[in-house]
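After this come two complexes, each holding chain A, first together with chain B and then together with chain C.
Presenting the complex of A and B:
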């Protein structure tokens, strides 16, 4: 290898070096540190050198003596399930509608994308006012249409609190799915639809045999984004219920923060973060494998 | 090319060294006192006082506001880690966390300064306010005995009632309920008149803990309360079941406003100020808040009605905001001098009038707004968990307060909650033992 070639390779690596350094500094180094902290009993205040090494004790505690953590995990799964079914279902319906040459399609696109750009805290405060048990709009409407017996403190009732949070999350998030799905639909060549029409395929057959197979990669993307985004729900919980009543709307992020802030157990919070990260990784991996199988079929 | 390579090297070095751990650099400089705080309502008053102090002494004082409180708390922790705490700061946490800051060498022991001139400075404060910041000999946190912060103001948390709504419900606004039976009766009368009962920030957990502690003192006395924290008495004990029953009684007798378990205190304050609830459980800071929301609000202040005659009712209170001095400050003497000035009679009276908070300096009491006087009367009944030499595990506090929320929503009985809290307590005690 000549000097010239070596120099070329060196320069190529040099160009990548800033990105590698930034990645190592802001991603890899913190990640490795999080894992290191998770092995220590540390409050994040005293010098780390005086923290006590506890090995995998935090992980053992999470798996054997922390029911609230798994309860919060179930809540996140429940909201994710609602979101996957209803939010993405609605997003697909609206995307299909806007994909056709309907009047005012642009305006609809803009309107549908409005909720996602709003701050979670602001959205939470608005919906808190709607759900309010004393002077809320929802109770007011229910009373006006003769369903006053259904009026309640929606966010303080354990039977409705989590679903109410899920509804707000779906309202806020369906715009993302809508935009991605619409982009996917618009990338399908129109000739395929025309060919299907010539072959005598109806609307349902066209959707099933043309749209769905070509949209699988987009469905996978939307599903993964929905799962990752919903499992990490936090701002809406804080502004709507604070995790209450009791533990009924606690989610993994609120539990991690409770350990970090309330209990000042930074080591334990890091262990929770790692467990949570691994769960998300496994879910995403399973999802990708399942979609690969579906694509092959 | 050489210029480009130089740029890359500089960028790379900056990205690495920019995140290096602290090298002991201190925010304090030799000619300026820097104070970090979270009190948005006092920002203007602090700025004015700093200007006044500069005119008097020539010393620059810079108040820096960081809000909200969560962000402030994280900033303080980060600054402690990198040893960049300012000359003056406050810690918004319980004694267990404060003790970590002290043991890490971030907080100056103020006792020697308090003791100067025959304890002149110490004598100006309410003893109960100072006690919140005092670590006694043999404390469980293993902190050297001393006073580690100066109270800027004092507060207490009580029940506040709307006199007009009381009258509307047929209750005597000049004689609010004093015992449990009268209190429950008031709840039912308010409900019959279509008026919401009590509002409070019980979605924020710590305010539930506050009322639960009040009744724990009233039902079992301080010694048994401390014994429970030490693990020598059980949460499954009948006295604790009675404490939890207090909340069931309040629920059953319509004393609690709809949705109180997820209510944040700001919302509770709005409801009370707008006359949508007859009772509020709130701190003395509410005078300022209510005044801003509804200056014509006609309210009175009362101690939580007693449940038992065995022990006196105690309310949470003591120091409101406390300021600490960085042990690494290069301006310790100047900072102490400023804090002495800030907590002197005139400045305290100015702060009390400007921000409607109770002054920590007893000598300023004659000059406080009338609305605050109702809170001053009950300073003798004040106590605070920080005054104890022991502190409860955060997980137990959470289990206790979330359990109370479950009682209020009718999901669990007081007995069930008592057993659950005790189970968490046993688990935490075991973990503590294993750590030792």
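Presenting the complex of A and C:
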């Protein structure tokens, strides 16, 4: 009886075994190693056993002597800020428009969600050409409508490059925000709106006192995901600017890659990854706590 | 009588301005794609001067040239292979694990489940550094078995296995919640009929989980088809590259062949657009569900 039972449990374990094996090998083991490597000076070429232990020196360097890194962080933060305000603002506006009985809402929904399913590389390559200084569509149109003096090499100009990247990011992402916000809006019971109408509430009052409070969890979700996705922006950067001009569109992921590949400093790259990961974790944690506080009130 | 007319006009204006906004935004979504497509039909000589969206003499042969001489046929095959293998791997492995965690007696299964959940929540932007080191140490990056075909398979696995891993958490989470809600009557009667545990999973649980599996398939298909970073790190050989990686390499080496680059980009997005138009509803459901992946 004991043996049969053991055998049965053993067979049951076979169900989770492939997942656990893959997970431990390709997730858990590298995850733990990131912390280990971050304490060593290691070029990744020699055996790790001969790497030099440096303790927290990499972290000290990041916080005291690496302005390059914090600039890249600022760039990603700037794009995130643009995205939070304009992308999600537009997404909410469009979601509100499509939530009401409007003709063609399904067609609009279908079109808005097209950019989010496309590859970031392809999107970046298309827009790189649209922004091109010599042959770009944008300059061509600007000249045609009489704003030729504004024409420039949009992605090569340090003053416009980052914002232009942000615009493409928002172009690719607003449909995603729209879909999630619309799903949230549609889950609000219609009776609440009717009740508000009976009570004589105007459109603005209804929005402020019915829609917004019920949408808080969705807003939090969209905000957290926007921050996580945008801070880790990478595909659009490589395909649009490659981090240039100069270092004006460098973002954290490109810096980690640069430390890893260009600088052959794998330990340092891991330390950067940890700092970045912790910041992201803190941001989402603060968001969740803030929403809980808001709910209690 | 003033009021109703005023309201009617206001409503009418609001309706119209809403539609105008929606149409402008829609156009801005489509125009860049149209521009890519029309540029792929021009020649190197006309592509910078002819700004029309519908070129007079479309050069359809560009697609043939990109597919054969440009190598995009091969890259397309690679993308297709990676997507099919990775997505089937994810579906098979996550459904097994989720079924086990939801239904079978496995000591410690809750711990397993929460570890997978935690992995989904904790962002580790530096993990690809350690993953790269691991793949190198395991011999996935430069295999040397003496059999070129085997080397080829090993290098591809070095890309496929980490991608399967990255789809595990969300898949297990979604399928476990699905299996938890699934009524157990059919399984019970199958057990009485002498069906094995695996048989019950395969013949009963898996077919019933189709809606959840569809979402997992779609979500991961998009992820794998569009993946770039890992391909850039892991796949150095041109013959192994998926489309996204190949496009960046092509741009780097054939900077002057814009129409071919645009053809390659069109080849890259067309399968996704077709799938999207066919399965729109499921895709939107998939992304909304994928949004839970925090």
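Structural remarks
Definition applied: the second predicted complex is superposed on the first by the 271 of 297 C-alpha atoms of A that agree within 3 Å, B and C clash if a C-alpha of one lies under 4 Å from a C-alpha of the other, contacts with A are read in each partner's own complex, and residues count from 1 in each chain.
Note that in this section a residue touches a chain if its C-beta (ideal position, glycine included) is under 8 Å from a C-beta of that chain, and two chains touch if they have at least 3 such contacts.
Fair warning: this is a prediction, and the values are worked out from it, not measured in the lab.
When both complexes are superposed on chain A, chain B and chain C clash. When both complexes are overlaid on chain A, the residue A:92 reaches neither chain B nor chain C.
Contact with neither chain B nor chain C is seen for A:170 once the two complexes are overlaid on the shared chain.
Touch criterion met: A:158 reaches chain B, while chain C stays clear of it.
Of the two partner chains, chain C is the only one that A:270 touches; chain B does not reach it. Of the two partner chains, chain B and chain C are each touched by A:18. When the shared chain is aligned, chain B comes close enough to touch A:65, but chain C does not.
Once the two structures are superposed, chain B and chain C can be ranked by residues of chain A touched, with C on top.
Of the two partner chains, chain B and chain C are each touched by A:44.
Contact with both chain B and chain C is seen for A:135 once the two complexes are overlaid on the shared chain.
Steric collision with chain B, judged by C-alpha atoms after aligning on chain A, is confined to one stretch of chain C among 98-106, 134-142 or 188-196, namely 134-142. Chain A residues in contact with chain B (one complex) as well as with chain C (other complex) are 18, 22, 25-26, 29, 44, 134-135.
Residues of chain A that touch chain C in their complex: 8-9, 11-13, 15-16, 18-20, 22-23, 25-31, 33-34, 37-38, 44, 48, 90, 93-94, 97-98, 102-104, 107-123, 125-127, 129-130, 134-135, 137, 140, 171, 175-176, 179-180, 183, 221, 224-225, 228, 232, 234-235, 238-239, 252-253, 256, 260, 266, 269-274, 276-277, 280-281, 284. Residues of chain C that touch chain A in their complex: 15, 18-19, 21-22, 25-26, 28-30, 32-33, 35-36, 39, 47-48, 51, 93-94, 96-97, 99-101, 104-107, 109, 112, 115-116, 119, 122-127, 129-134, 161-162, 164-166, 168, 172, 197-198, 201, 222, 225-226, 228-229, 243-244, 247-248, 251, 258, 261, 265, 268-269, 272-273, 276-277, 280, 283-284, 287-288, 291, 294. Of all residues in chain B, only 5, 8, 11-12, 15-16, 19, 70, 73-74, 77, 80-81, 93, 96-97, 100-101, 103-104, 196, 203-205, 257-264, 267, 271, 276, 394-395, 398, 402-403, 405-406, 408-409, 411, 427, 431, 435 touch chain A in the complex they form. Contact residues on chain A toward chain B in their complex (touch as defined above): 14, 17-18, 21-22, 25-26, 29, 41, 43-47, 52, 54, 61, 65, 128, 132-135, 153, 155-158, 161, 240-242, 244-247, 258, 261-265.
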